[in-house]
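Chain nomenclature is as follows: A, B, C, D and E, assigned in order of appearance, with residue numbering initiated at 1 for each chain independently.
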Amino acid sequence: MNSAGLIVFDALLLLSIVGLAWASLATTDVRRSIILFMALGLVLAVAWGRLLAPDVALAEAAIGAGLSGALLLAAAHGQPSPLPPESTNAPRNHGAAGMGMVLRWAITLLCAALAGTLVWALLHAFSNPQHDMLPRAISANLAASGVSNPVTAVLLNFRAYDTLLELAVLLTAVLGTFALGQATPGYRPAGLVFDGLVRWLVPVLILTAGYLLWAGAHAPGGAFQAGATLAAAGVVLRLAGRTRIGLPVGFMLRMIMAAGVGVFLLVGLTLLLLGRPFLGYPPAWAGSLILMIETAAMFSIAATLLLAFLGGQPESTDVNAVANRQREEDPRC
Amino acid sequence: MLTTQILYALAGCVLLALGVRGALLHASVLLRIVAINIMGAGVFLLLIAVAYRGPGLAADPVPHALVLTGIVVAVSATALALALARRLQVERDDG
Amino acid sequence: MADTPIWLVALPLAGALAALLLPRLATAAAIVTGLLTTVAAGVLLFGVATQGALHYEIGGWTAGLGIMLRADGLSTLLLLMTALVVLAASIYASTYFRKTYERARFWPLWLLLWTSLNALLLSGDLFNIYVTLELLGLSAVALASLGGKRAAVEAALRYLLVGLLGSMLFLAGVGLIYAGYGTLDLTVLARVLEPGPVAWPALALMSSGLLLKTALFPLHFWLPPAHASAPAPVSAVLSALVVKAAFYLVLRLWLDVFANVITPASANLLGLLGAGAVLWGSWQALRAERLKLLAAYSTVAQLGYLFLFFPLLLALPAGPDRDLAAGGLAMLALTHGFAKAGLFLAIGIIQQRCGHDTIRELDGTAQHLPATTFAIALAGVALVGLPPSGAFLGKWQLLAGAVDTGQWWWLVVTVAGSLLAAAYIFRVLGHAFGHRPYPNQPVTVAREEWPALLLSAMAALVLGLAGAPVWGLLEIST
Amino acid sequence: MNWDAWLPVLVVASSLLPGLVIFFLREGNHRMRTLLNLAGAVLKLVLVSSMIWGVFHEHVYESRWTLAPGLELVLHADTLSVLFVTLSTVLWLVTTIYAIGYLENAPHRSRFFGFFSLCVSATVGLALAGNLFTFVIFYELLTLATYPLVAHRGTSEAVRGARIYLAYTLGGGMLLLIGTVWLYVLAGPTAFVEGGILGTLPADYHPQLKMIFLLLIVGLGVKAALVPLHGWLPQAMVAPAPVSALLHAVAVVKAGAFGIVRVVYDVYGVNFADQLGLLTGLGIAAAITIVYGSVMALFQDNLKKRLAYSTVSQVSYIALGTAILGPIGTIGGVVHLVHQGIMKITLFFTAGNYAETLGIHKVSEMNGVGRRMPATTLAFSIAALGMIGVPPVAGFVSKWYLGLGAMEAGMAVWVMPVLIASSVLNAAYFLPVLYRAWFREPGTAWPAEHIPAARFETNAALLWPPVVTAMLALATGLFAAAPYSPLEWATLIAHREYGL
Amino acid sequence: MNIFLLILAWLLPLVLVPLAGQRYASRITVIAPLPALLAASMVPVGSSVSLPWLLLGMELGLDDTGRVFLFFSGLLWLVASLYAAGSQAGDSKATRFRIFFLLAMAGNLGLIVAMDAISFYLGFTLMGLAVYGLIAHPASQHARQAARRYLVWTIAGEMLLFVAVVMLAAQHNGIASFSILQSSPPGGFVMLLFLTGFGIKLALPGLHLWLPQAYAVTPIPAVAVLSGAMIKAGLLGWLRFLPPGDAVLVNWGQVLLVTGITGICFGAIAGLLQHTPRLLLGYSSISKMGVLTTGMGAALAWPETAQVMIVAVVMYAAHHAMVKGALFLGLGLVERNGLSPWVQAGLVFLAFALAGAPLTSGAFAKSVLTASLPQGAQYLVLLLAVSAFATTLLMARFLFLVWRQGSSKASPLPAESRIAWLILLAIIAVFPFVIAEAGQLMANAMPVLLGMLLSALVLLAAGRFPVQATSRTHRRVTGGLVLRCRFLTRDLLCRGALVVETVRSALRNHYARVQQSVEQLVLPLSRASDADISWQLAGGLWLLIAGLLLTGLILSI
């Protein structure tokens, strides 16, 4: 592509990004908004590709567009459309309406100012020579990182601590979801066509996941993309109305959920006990350790995302069942 | 100074602002969550634009890694928010 | 010794996994983890006190390429406070949650929260801070929603959305910084940052994100419902530590990292908002009908005091006076942490024993639950800032700073806030002394009441009487 | 640390520790409680005695503890503190005995005695405070320790009284705190030094120092019940009698007055304060209070309320003495610290006796009570006469020195009329009470006779404390010139303050 | 021994106070004044005791003046105690009476031996307040009123004295010993205070308003010592505090002279108008105190003859004390036992003595007084003669009133009382012969004779034209004034209270109104809870704060 074509492409891409975002936010129809948001995710994935960020593009396609959209759609499922305003009990009168108008405009203006400020700041930042110290340091140390894909190196070696905590975030989210109680049972089963699709889509997805995981070391891909793909397989199954979607129950499930963080932590602490820094892989072992961590992380991510999609703990795994006795009443004041 | 970088960063800023506006003005919880996601997308766009070094040049991997982490964090938060929203709906329906 | 910082993160995280995997042993795992982590915090404090600030490069990568944990005087103090408060709250929680499934849900999240707090306090990297903030936010929200009631869920949802908005703005600021300076390491940034079109918006974005999370007036609207509807141990930690963590970040950014970017005008704005928080929070606490709401609004007010220090610290020239004021700030934050945690635990006991926490119907509580009432009184002393609490020393430095820099208006705010605080605390205590048919067998359940008592006593007595080392520790910075 | 450094701490701890232990005693364990109380009180008395001896021989008893850089908790025994400590200790012992009798079979005794001991610890700490910072700490602690005592009865009236008390004292405490902080910023740690420390500050600080003085005095004036800051005092009389006794005689009110003395003499230095023109204002405030309190007392039928207003009036004698420049006025003010305490505690004890024994709460119910309760009424009479200033009761000595001091300072023109007006008014509200008690025929029945007359007119524990304190009031006046008497001690204080 | 007697003189009555409720208390009371009498007779003049640890340093001593005072006071107290042992025997509240009696005794005797201002003031106050108990002793409306009035005056007097003593001591560096105080005369204002303060006790005209009613109600033994011994404390005060012989005080002497003369005349005239013997004796005391005042005035006005004059005044005081005391005791006998002939005889003798008839103590006292008068004051001789004349008339009327007064005879007095009276009579009759020269005993015959003559005429006339009991002048004049004063004070007080209350309620209303309006103003604010803050508003604020922060950062002020 020549540069003029590129500019047109960029322009179209940016216009569609902004337009989709605008459209997605302008509507009050939740489902419509979500679908537009998913579309935005796909366009963004293209944009990442355009900006030479294939790892992000893959993740965005799988998670940002795919899974987030699926989650949102699932949540929108039971909801009336459009939703009633959240605070129905708030007093509303004409004065308040006038105030509301003023407020809308004030917020809009302030948001515009926010954008303007950011642009101003970025223009200033970009006007200085680029800081290449960090990329150079990364390429210098890439050999010792155990992987050849610099993004994976950053994710799982240089800034592995971030990733560890990120997995913890994921775990927290799903535990939080569990804490809210039982999964909402039953989705509307899809049609027969979809059912047919499922038969070949799921194996493909699983294979893709495996590839992404393996490729992550040297090419775009990695545990997150792989985990998300794996989760997508589960989502597809679930959408097809399958009750058994490959998730274990009970202790095994908890093991899988904990595996990502657990293995990560285990590796880190083992190294620590061996006299190395926490997560300071010996260069010779780095590749294998990263792959090990990534594998565990993939399963965890997949299970977690799937559970998040299910919106709670699947039945019969709930520890609710363990004890349902009433708390003994205390002498009251 | 790269035009592409600036343009995409600008789009990121716009997305961020749009997201903030949406998150503040929408009454529906789900729409707010969508808006926050769009906000996140704007920030990610900004970061990726910062990483961009021009055609043919390797981009800065650090922001890429950050965005990857950010995406997962965002989806986690979204999942929890949705679970809460659903639970709230159940409570409302019951009450 | 040098590894202690990472243990402080790893231990609770491991504990969380253990609690998740073994639901039946969750409580035991949590308590053991709690004890170990507290010991680690103590060791860290000892290390920092004897060897100066500790740095830990994770993975052995130099700062900038990798992530560095840093423990200086301030963060170590807050880490120790976190450890003690969480440990006490854990002991209380082990009796608060009685059903196994409740425990299974509670403990992993609880320990994850602790992990995030420790990680946040130790973090030396901007993006890592973002991740810890999210971990903190999500675990806090998940815990806050454990109440399961509609009010709790509604508050938790709002809390989450607010937290996300704040984090996103924070992240945008991080992006700006990276765009402008190409690094995320705080120590490096502190060296290279200079006032300009990059640093200003970045600081504004990050600060406003954090201000939202730390519930500074008038951005506090989400806090009272969330803190008031969460289970008692959770409320304790939310009020005592979680908002404080965001405040810690503001402090770090303003005083360390962006030290040469900030201006008197901006600091005065923070002070002004702090003043608003002090007055409005105290006023709302005075009007609150429920104890928990009172405590939550008191948190809003107490955070306001912390922000009053900003204009003073900026106006004082670097030197002993400034160090004294900074120590006062830390002392106030520490005292509030202990006191508020103690207060919430005590309220939890009242709520469980009396079935409600309506202030007007608390007559005779003192007769029924003497130790609990005493805990509330001790915590109240610390919240009002009466001697011998640590808050008294903190407020002393606040007042001294205000006098020293000629900023009289903060003095008026402080005094008004303290009087309002006394009013709302003694409104509760007055009821506690009220008449109730006597005799009424006093109830004392040591395991429930000791944590609250110890926390309150820590705030009202120990910090005030043996708090002098705090100033020495604060001198140790990176 | 050696003995000299430990002694002040021990003096404080001898009531603090028993108090803390008492909190944890079971309600029914009254023998242990009594033992602890009395042991603490006696031990304190012994310790204080040795302190008196030491201070007289110019020993330095001082304990220091750093709370924050530059902020030290200093307990230091000088002549003035020893005077107040002794007063507190002796009266605490007596009041404890009284309280044991008063609260027999009443609920919440552990709580009561616990806070009671804390209250005394705070008072003693305040007396021993070696700098303004320490003083403020104990000042606030005193507020805290007394609040539960005022609210003790738990009636809505008591809770309300306690609330008002708290509102006033905490507000005053805040002003005091501001003043202290301000002074700290100007002059560094303000240790109490005989003769004051501020005189050396440059002249351009003087306007600020005046402001600070105002803040300090207003802050202290709340507890010292200077008009118009006295509103809490008549409300706080809802407290049980031993509490009122302690509040009015030793702890709260006296703490404020003691603080005024400290600020004028040991912070500003009386000559410097005079040089700044601050004494006149203080004196006028005290004078107004003296007259106002007496006038208000005239209109009270409730006995305790009448006594409360009497306190408002009498305590300002101390402030008045402080405002009078010159050693003699100082003696008058300082010695009244003790004298008023002894006399007022007697009055509140006896008022409590009337209420507990016969259910008498009002002056109008006191007809002929002297025949039913002669010893109590005699104690009341002695104390009341002392308040009027009748020799040889202690009050006369105070008035004598105040008058002489005023003459010496050339302030007699307005001090004398105030003294006279106050004495006349005192007579006007006390003598009718005495008349009723001794000369009127008793009515057919007492309002509510709780304790029948047996061997004594009332319980021995209730009877002896007021008798003892009344004798003390008589003795301090009668043997005013004897060695170690309050007057001699006050003279010693004045001599050291003025460097004579 | 001397020292002990000086201390015991006032200590013994105090020590006996706790025994006042015992069974034999009335007998024990009698021994209370004995040490004082012993001291008066045995302790050499000029001896002194210093008790530096007592009060503010107590000094006791005995000088000539003190000795005379101690003698007649001790005697009176002794007699009165003995009398009281009989008269109060049936009193249900005798204990209370004895307590106040002993307290007053201790005060009276104490102030006589006191050699410093504070001890004197102590005794004076103790006496003053204890007398209140004696006056208020009869549980009657009258007694209460009289006692209250007495108290008001006494306290006023004590206050004045307090100020005076303090100011005087301040002139001498706070030292209160008489030996120092008398070294220089007090200033004008202090002088005025002393004159008024002691003047109240001495019942100077205008300051006497407490006296008549008090005499009317007080039990007899008490009123005997009151009128005899205690009233003289005022004179002793003057003698102690106002050093005679100083030229500075000459003008004050003149003032006293005028006051004294007024007192003589006023007392006599008002006395004649009385219709009860007690009141009459009261006004007679006022008149006689006028004589003492005049003498004191003369001593001050003519410093060169002051010493002589003082001796005369003191002698006169002793005479009056004993006679007036005896008159009251006799009156008591009449009241309780009726008019027995020997009582009548005694009373007549006493009447003569008071009037100053020859061969009585009165004649002796008056002649001493006359003889001491300085050259410039011979006109006072005439005055004294007029006084004697008037006294004669008064005594005549007294006897008339006693004779007319009925007696209940319900509770006749036992022997003790009669013996007591007789002892006193005997001493009065004998002592002039012991110490006086013959010439002195024959003085004063003329005025007394004239008086007797006039009295006889009046008596005859009265027999002819029966007169109604004399009008109640006293009540209308003095009572009216006092009442008016009291009403005025009460009115003022009430009005003050009213004003205070009005202001207070106005403030309260105002406060309530302000509170209301403030509440209305901030109602939206105070009602608004944070739950109502809409998400949008909060968001707007948030962005605004972010913007402000940025502005604050950019505009580095």
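Keep in mind that, in the parts below, a contact is a pair of C-beta atoms (placed from the backbone, for glycine too) under 8 Å apart; a residue touches a chain by one contact, two chains touch by 3 or more.
The structure presented is a predicted model; accordingly, all values stated were derived computationally and were not measured.
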(request) Among all other chains, pick the one whose mean CA position is farthest from the mean CA position of chain B. (result) E
(request) Please find which chain has its CA centre nearest to the centre of all protein CA atoms in view. (result) D
(message) Looking only at C-beta pairs that count as contacts, which pair of chains has more of them, A-B or C-E?
(response) A-B
(message) Counting only Cα atoms for the centres, state how far chain B is from chain E in Å.
(response) 101
(message) Can you work out the whole-Å distance between the CA centroids of chain B and chain C?
(response) 28
(message) Using Cα averages as centroids, what's the distance between chain A and chain D in whole Å?
(response) 71
(message) With centres defined as the mean C-alpha position, give me the chain C-chain D separation in Å.
(response) 42
(request) Pull out every residue in chain B that's touching 2 or more other chains. (result) 9, 16, 19-20, 23-25, 27, 29, 33, 42, 46, 50, 62, 66, 69, 73, 76-77, 80, 84-85, 87
(message) By the touch rule stated above, which residues of chain C touch at least two different other chains?
(response) 127, 131, 134, 138, 141-142, 145, 153, 165, 169, 172, 179, 200-201, 204-205
(request) Give the residues of chain D that touch two or more other chains, as numbers and ranges in rising order. (result) none
(message) How do the chains pair up in terms of touching? List each pair.
(response) A-B, A-C, A-E, B-C, B-E, C-D, C-E, D-E
(message) Under the definition above, what is the set of chain C residues touching chain B in their complex?
(response) 127, 130-131, 134, 137-138, 141-142, 145, 149-150, 153-154, 156-157, 160-161, 164-165, 168-169, 171-172, 175, 178-179, 184
(message) With touch defined as at the start, can you tell me which chain E residues reach chain D in the complex?
(response) 52-57, 96, 118, 121-122, 125-126, 129, 133, 136, 139, 144, 148, 151, 155-156, 159, 162-163, 166-167, 169-170, 174, 493, 496-497
(message) If we count contacts the way the header does, which residues on chain D are in touch with chain C in the complex?
(response) 23, 27, 65-71, 73, 107-108, 111, 133, 136-138, 140-141, 143-144, 147-148, 151-152, 154-156, 158-159, 162-163, 166-167, 170-171, 173-174, 177-178, 181-182, 184-185
(message) Considering only the defined contacts, which chain E positions touch chain A in the complex?
(response) 532, 534-537, 539-540, 543-544, 546-547, 550
(request) Flag every residue of chain C that touches chain E in the complex, lowest number first. (result) 158, 165, 169, 195, 200-201, 203-205, 207-208, 211-212, 218-222, 224-225, 261-269, 273, 283-284, 287
